[in-house]
């Protein structure tokens, strides 16, 4: 049988010999889970433990030996042990000599130690090739196979051969290795699983700041002002009325801020006459978190929709409607139907609904699995064209909501205009700038720059030579 | 040209020889689709058919021969034929000798035959290596390339070399092989595609039971009681009012049941003083279907939101509002505005909205493609911290909804309290227990146990040695 | 160290030699991004540029040389240059001889040139193997690693060895190569990234046509008719009332059209007595865009829900409610509570809510990442069983909404029935046909045909032999 293979299909030799043995030091949760997964993928797994007899809960098919015995079975040793106990490895220097040590450890805090665990291990064991890997996968994910967390495994190490062997194992386990370079990258890799939504921080802080500002702004106008002048207790507005003002305002401002950096970038490129100069750092960072900004805005828009839809259920609204009716009956006043008012009320609501619908669509297409199925032209179409349409609809929604009241001085309270007036500043600015940028003459210049043309460049000819990916 | 390759890049020899030939017996839908996919991925495909001349609809580039001719072209034969016709293979014993037979068949019912199809095939053909694979992929998915169904291909077989060759083919087709061990696993693999949401069964049955119980409970209190005492026909309540009570109650109870097993597990670990003893089976199973429980709860919460938002559209509500107004006008009674009522109504609605918003957020992050992009710390943060916040908000929503009426004996009908009072029992229990568990002293003990510490253990020192991942 | 490897693990030789050098001509965005990704994945990258000294912004670790120097370092040259500049390659014919040229270019318009860029390159450089690849990935995706766009890389070329080497590189970069055959496929591959939602075109055009038709239909009945006969200005209805009729109608018709092709296909199969004859092209295309039809329908249903929920907020509705109350008070008429009306109003709303809930569920399960986690039986259960339940609920929702008015001639205006009456035609037809098809006798015949049985076939015996994948 074996001969048949070898003769007709030499290439499969590669595959046939894959029954590789991997040694895992440490029988904790992570070591066991990793061993379980490796056994599933066809590896032979040997655990190294201080108490081989007492080690329990190990996956079926794995062998447990003492550390030194286990180490002899393989030249790849996974060190699934906490950093504090690494020093015991020095006793095994002889038996481990020349082998690859894979550091899979994590810390409890960012930058907990002066050097990364992997670098510490490399210092302890100068005769070994240390590779950092697997620290971003969770034991639970490995064992359940659900892999709810990320499939990417960051790998780094100073010896490229050792690194590549580890990357092969990663691939065989069905995960995606990503070479992050030398062991100096270990610190970054060890910090990665300790990060908590780094890209979401700026959008969340920004929206919190906006919320707090507009909350106090609205409290002054809608609660304190009536209390001072009319002695009315309007505090109950803080539960729904005021949040329902903060949410749409924050959503609109954040949505405009999604498109502002693109506009600024275009203006910068036009001004500089080249696309080959780096944007300032703040602009780069801003552009990278546009998706997060947009999703936070969508969250606020969603809450705004719910707050708006519950309006007729509120006691205050029902009471007022009843009271207006009663007043009208008792005073016998007539209230003729106003088509203008009907138009205004309906169109502002309709604009809001359509804007929200497009916004939800944008949100859905930003789901990784959805955006993964579209080509980049489609992705850009949705995120740019539909995005601007959403911004236009939402701005129009706010403008029509304001209607005539917008410019009437009667809405000033203590010289403060309504909050939504402030909210319109950034969106209108973005729309005006964008409108200027898509003027044919400006657009043409911008397109040329984005295709690689440079205003003050002698090398422009050679640069134009290159493929550009817009 | 060829020489150039060989000299400079010896490793690519592997790739260059890959024009491997695979034989497929059977020209049905599945065989054709698999052949189509294999051709696409660079294999040479030969079909074996009883009527090679009459076989139609085969993918371009594939050859069709008689079974015995086709079998000679390859040493891997895919048996894309129904189990009932396997016996004809016995005629080909000679020509098939030593080759790998891949059983791709499925049955119509779970455990339809005494032995799995693959084991039956192995009995029929003792001179062959039988490998079970590909039965979980659908013909349609292979052909359309959409692969809407799972990408995982379960593989099992007694000969590990044969198994590994099949796994290589699976990988080349862009699918993910998963080694399930010996051919004894074939039964499980054959049953897999016949399963219908096994993890959803418990949550769905549980929620159905809750729904039915609370439906009858509410019918007794809200339909039968008024009918008996006031002769009022309130049956129309069964369309919206009562469902709108059942939905939030079921949602809240299910949400609490998502967090109850974690609390029970913590108490068990504290009581036992170790994390190294297995939980009872029911607890294990419960913990594994927490995601499904939560999503079913979200479904009920979603329906509750819709049911609540349509309230003002309902004829009954409009009629009542009109009638109250008219009564008030005719009786000339005054109904002064109550800030307390406004506060209560608004805050209970606001709590519900925020709770629902967080709940939707939890649902979105449990989408596989979303959870795949977060590291496990972020995943845990969302599912645990935000989850408890959701539970707190939803419980508070229900508590404030009840308000003073909560403890008033006047709401008892036939000694039955309002349904929402019952609904609060489990959530409040969970929250109280969780609150106890995060007390510093308890939390410290629990953290130590989860890091591997054992109360009555001599081996504690060595266990602490190991890496723990949680 | 090296020896150890070679001795114990011969197979890893493959991996150890992977430090392959790849040459990229062109230092534009795309070339740089591809080089960056290749460096990350362990390749040595050499850029070829006209001005090696002036090339900036290149990834760390990459070398920049003149074109001819760079070409000598590798036998795979990525041509990341625009088609217009390909002719300069003719100067390098000597140094490029026998090497693989990878065309990664895209055009600005579909079918911009008479022949595809890759074929043009092959004509220019007859001594080279040209492979088309990588044109569907975006520079941004490569660099950010986010890979929001598709992971699939379409590859084609006339030399299968060259093609396979490129496919190996694609795989190493963590992308999925898909062999599209000879270089003749290059045109299709080059057009792919220029496509804009081809599968969505038919559903979107169809829904636009439905919307426009029903818009004018409703305007005639609800705006022009009252204006002609009662001189009432009802134009404000065009903002919400009429859209809220168009949306549910379009949604219902589209949902029915999702299930109509399946019914037609079943009837065709029954009529022909075989499943082995191709469906007409229009039916094939229709069946392929069912998912898109359903999602567009869901969009309309979503907007309908929002439009419905805002009803009580509208000025018109509030004004009417107030006025009815006032009229009733002043005329002193009695309006007793009607249980029938309450039942009808509540049950039509409840049916709509449940229908929408199931519809959203269908939408969620059609997300790629969700459908990827279910087996095909579960997928079919959701999309077929739950789908029909949704259609039944939504049709019932519309029927109950119409209620008695349905057949009353009083609702005719200019002989035009209400729009929803028209909307019911297709859904009811589909449901009646489906009901006929699941009658036991019909179902049995259909099942036999789908298992491969043919009415007028001599080859039926051999066909039954084959595995069928339902």
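A, B and C label the chains in the order they appear, each numbered from 1.
Just so it is clear, contacts are C-beta pairs under 8 Å (C-beta built on N, C-alpha and C of every residue); 3 or more make two chains touch, one makes a residue touch a chain.
Nothing here was measured: the structure is a model prediction, and the numbers come from that model.
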Checklist entry - Can you list the groups of chains that still touch once subunit B is no longer counted? => result one piece
Next on the checklist: Looking only at residue numbers at the subunit A/subunit B interface, is the share used by both copies over half or under half? Answer same or different.
Outcome noted: different
Checklist outcome for this item: Taking each chain's centre as the mean of its CA atoms, subunit A sits from subunit B at a distance in Å of 24
Item to check | Shared interface positions of subunit B, touching two or more other chains | outcome: 14, 18, 309, 312, 321, 325, 329, 367-370, 372
Item to check | Residue numbers on subunit B that touch subunit C, as the complex places them | outcome: 1-2, 4-5, 8-12, 14-16, 18-19, 26-31, 33, 40-42, 49-51, 54, 56-57, 80-82, 85, 88, 104-105, 136-141, 145, 147-151, 174, 192-197, 233, 235-236, 239-241, 243, 299, 302-303, 306-307, 309-310, 312-316, 318-319, 321-323, 325-326, 329-330, 367-370, 372
Item to check | List of subunit B residues in touch with subunit A within their complex | outcome: 13-14, 17-18, 20, 75, 98, 129, 160-161, 164-165, 167-168, 176, 178-179, 276, 305, 308-309, 311-312, 321, 324-325, 328-329, 335, 337-339, 341-347, 349-350, 353-354, 356-357, 360-361, 367-379, 381, 452, 459, 462-463, 465-470
